[in-house]
């Protein structure tokens, strides 16, 4: 029976949507430090927010690979929009799918699919960064409630999300875990908003919890083994982030290649000069290697549907650093124009740089790989 | 209301470039897309269905990869897609195409309204719509830029003329060809795109035998016109500079326009 | 059925059943038989070792049309005025008529058409077929198709040309299907094949990136629509009165089906920049809103649209939806006039698909001249109004 290849179809249709609906406005959002809420509305209307949600909650029940395909295309136009979507596709809702009770799932997952419940993932703290083992946000058990106190910082969609997935420490067993905190909760407030160099459409803010009472059914993970489960989920989110770097790099490379054929120096196009050809060749090689790492990680499902830590960390480190290199060289190829806001080249570089921090700095991942190697039998 | 929309998969001509050395079309890496005018046809059909109920069937004649056009149309919300696919359909001119589409519409049966895009960006002929209408012996309205009223019995549309527009009323069944001014096409839904790729998606493929046609009636063999030569128009920039007083340069320029039959 | 199985030769081996892509061959009682799914593709013929499958199908042959004479053009009229394309069709018609030594005729339909006879003759028609009826006052597909197809069947012309106007592109395909003949759209060149005498029809495809020459060997008349504005009008000395052939008309509203409720003339219509045939764009050199007005007049004279560079948009001379270049739109008109534009790379990137680029600038070093077909070195404030005036005079 003749049917379309779903991955190829998603890629093409996303690309066309992005070119017409996102690309033309990306510069404006960046300049105004504007969170493009309309994108989430459109994604909901197009049924995209349910991509990975099981069918019985109104989603399409697809996996990480499809999310990566879509995110790469969106990141070509606007990396902030891609990160915002990534949080909805690959991060918080997966915790709900795996660790919430049925009632919470039935309440939140269909709401996410329709765009009524958007999520944040509140990990980073002002004092300890994204180091989970040292989290200071505390949940105290009080009857059928958890009482949460603490501050999170640089939380993507902090001011927009309806539901915050908060990583914290429980005072009774001193375990690291997480729970869902709804934005209407008394004692919750949104703090200062970040003024980033790039990725300016993240709607990134501080979150402040002052004696927030969270009902027990909103608990996701607590007690021994919770940290391990959270880390496994991170293996997936890392690949999502890596695909965004891949998208930025792809866009920068394509623009640079186009420009080097169009722009002439002494009557010859830039690409006729060997010095330029070598730059482009190196960019193409890096991009190809990034693609292979990201997509092989996205197809890796050996840990109950999630890739392993090494594969996913390698993909994220390599592609976020590769994207910086590619965006930087692409900017160089444009010369002074590359430095001008009239062209998107400087934005790609700012975005690429930002991707080394979003979701935890990549140096922490190097630590993880280092410790993995030191334990590995030769 | 039973609506049929004709869909063509075309190379994205906006992406087509000419090889500066050989003057040939560079088709490599050029994406195949739903013909832009056909998107407006699909949108029109969906809007009418949303008002009046019924169903929208998309028919597309093309090679196996044209399945992507059908899948995307299902993503947009059509109820059913039919791919007319047969090696013998290849190389059809508008005569053979309108015949093949006509047989498909007859096989679908009981259709109130057929909506076609004004023209395809690869051929630019705008002939298949009217020829299909004639084959089916139903009235046609071309250059439609607005649908004022659609009921089960009739439609009232605005169609463009060289000077402005006409408001036309037409009983159903009828065929209309639509312009891009008509509407703003939606984008395909991701969940529906995914469904369109599943085995049980509402897609059928029909070959020549399914349509009950003979090999000699369709495709290249069934065509009445033949392309005997193709060539790329020369696109070299001439780089002529006209100097002197404004009177002189304008006079020289007018002469150039006249000599090159450009006005 | 033009493919069948000689039963006595068939050994029931079943190879043809496997070969047939359509499931049109079945074994019934040890012999093969062909069912109604057969499309006569003849794929099975070679597969039969017993040579039991036979056909009377013949190669497609080119019929002899040497008895078909006459070149016809459709004389499109609106409220008693001829569409200019009619005279252009007569112009090319005269050339074809001399080449083939066949008469040139015009077909005109309407409610009152008497005033059109003389101009049609003056521009080349030897014969004029006339159909007059109140129902023909305004063009309607079914009415016109019905009358013209009757005329064609009665008089059997060799060539039939129709202008590729809105009306022509509605009528021609309908008519061709009714007559059972091929049709080529939107031709820009028509010549006669010196060998066979066929009409060679050349037209652009792929948005003008490719030209194709098409021939119509299997049916007559050879029908083509012709792009307006391409062929030359040619006046001639009328030596005798044109032959006027009046076609009696009987038409009822019931058979025409469509009803025109209202006709609205809008004059020129604004089109999207990416559809415009002519675009006049201003840059920094335009200097002011008044400067831009001059470009608008030029655009009007050319039947085109106005655009602007980023500077012109930022200065407020041109609305933002008309910005052309890297951060604006990419355009591919037939004619692009760059006025007072230096031609920075971000602007050039958006216009390279244009068929012809004309640059008007007073700086001889402006990079725009490098991508222009014609560069007019001078002050646009002098050149543009002068050019507009000259174009208007034509």
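Per-chain numbering from 1; labels A, B and C assigned in written order.
Going forward, a residue touches a chain if its C-beta (ideal position, glycine included) is under 8 Å from a C-beta of that chain, and two chains touch if they have at least 3 such contacts.
These numbers come from a predicted model, not from an experiment.
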| request: Could you pull out the chain whose C-alpha mean position is farthest off from that of chain B? | output: A
| task | Give the chain pair, either A-B or B-C, that is connected by more C-beta contacts. | result | B-C
| query | With chain centres defined as C-alpha means, what is the inter-centre distance between chain A and chain C in Å? | reply | 51
| said: I'd like to verify one number: the distance from the centre of chain B to the centre of chain C, where each centre is the average of its C-alpha atoms, in whole angstrom. | reply: 15
| said: Suppose each chain is reduced to the average of its Cα coordinates; what separation in Å results between chain A and chain B? | reply: 39
| field | Residues of chain A that touch chain B when the two form their complex | value | 1-6, 8-10, 12-13, 16-17, 20-21, 42, 45-48, 50-51, 59-60, 62, 66, 70
| remark: Within the complex, chain A is touched by chain B residues 31, 33, 64, 67-68, 70-72, 75, 83, 85, 187-199, 201, 203, 205
| message | With touch defined as at the start, can you tell me which chain C residues reach chain A in the complex? | response | 310, 326-327, 345-346, 348-349, 352
| message | Taking the touch rule as given, give the residues of chain C at its contact with chain B in the complex, in rising order. | response | 21-24, 36-42, 57, 60, 78, 83, 138, 141-142, 145, 165-167, 169-170, 172-174, 176-178, 181-186, 200, 204-219, 230, 232, 257-267, 269, 272, 330, 332, 335, 355-358, 364, 369-379, 382-383, 386-387, 390-391, 394
| note | chain C partner, complex, touching residues on chain A are 27, 259, 262-263, 337, 342-343
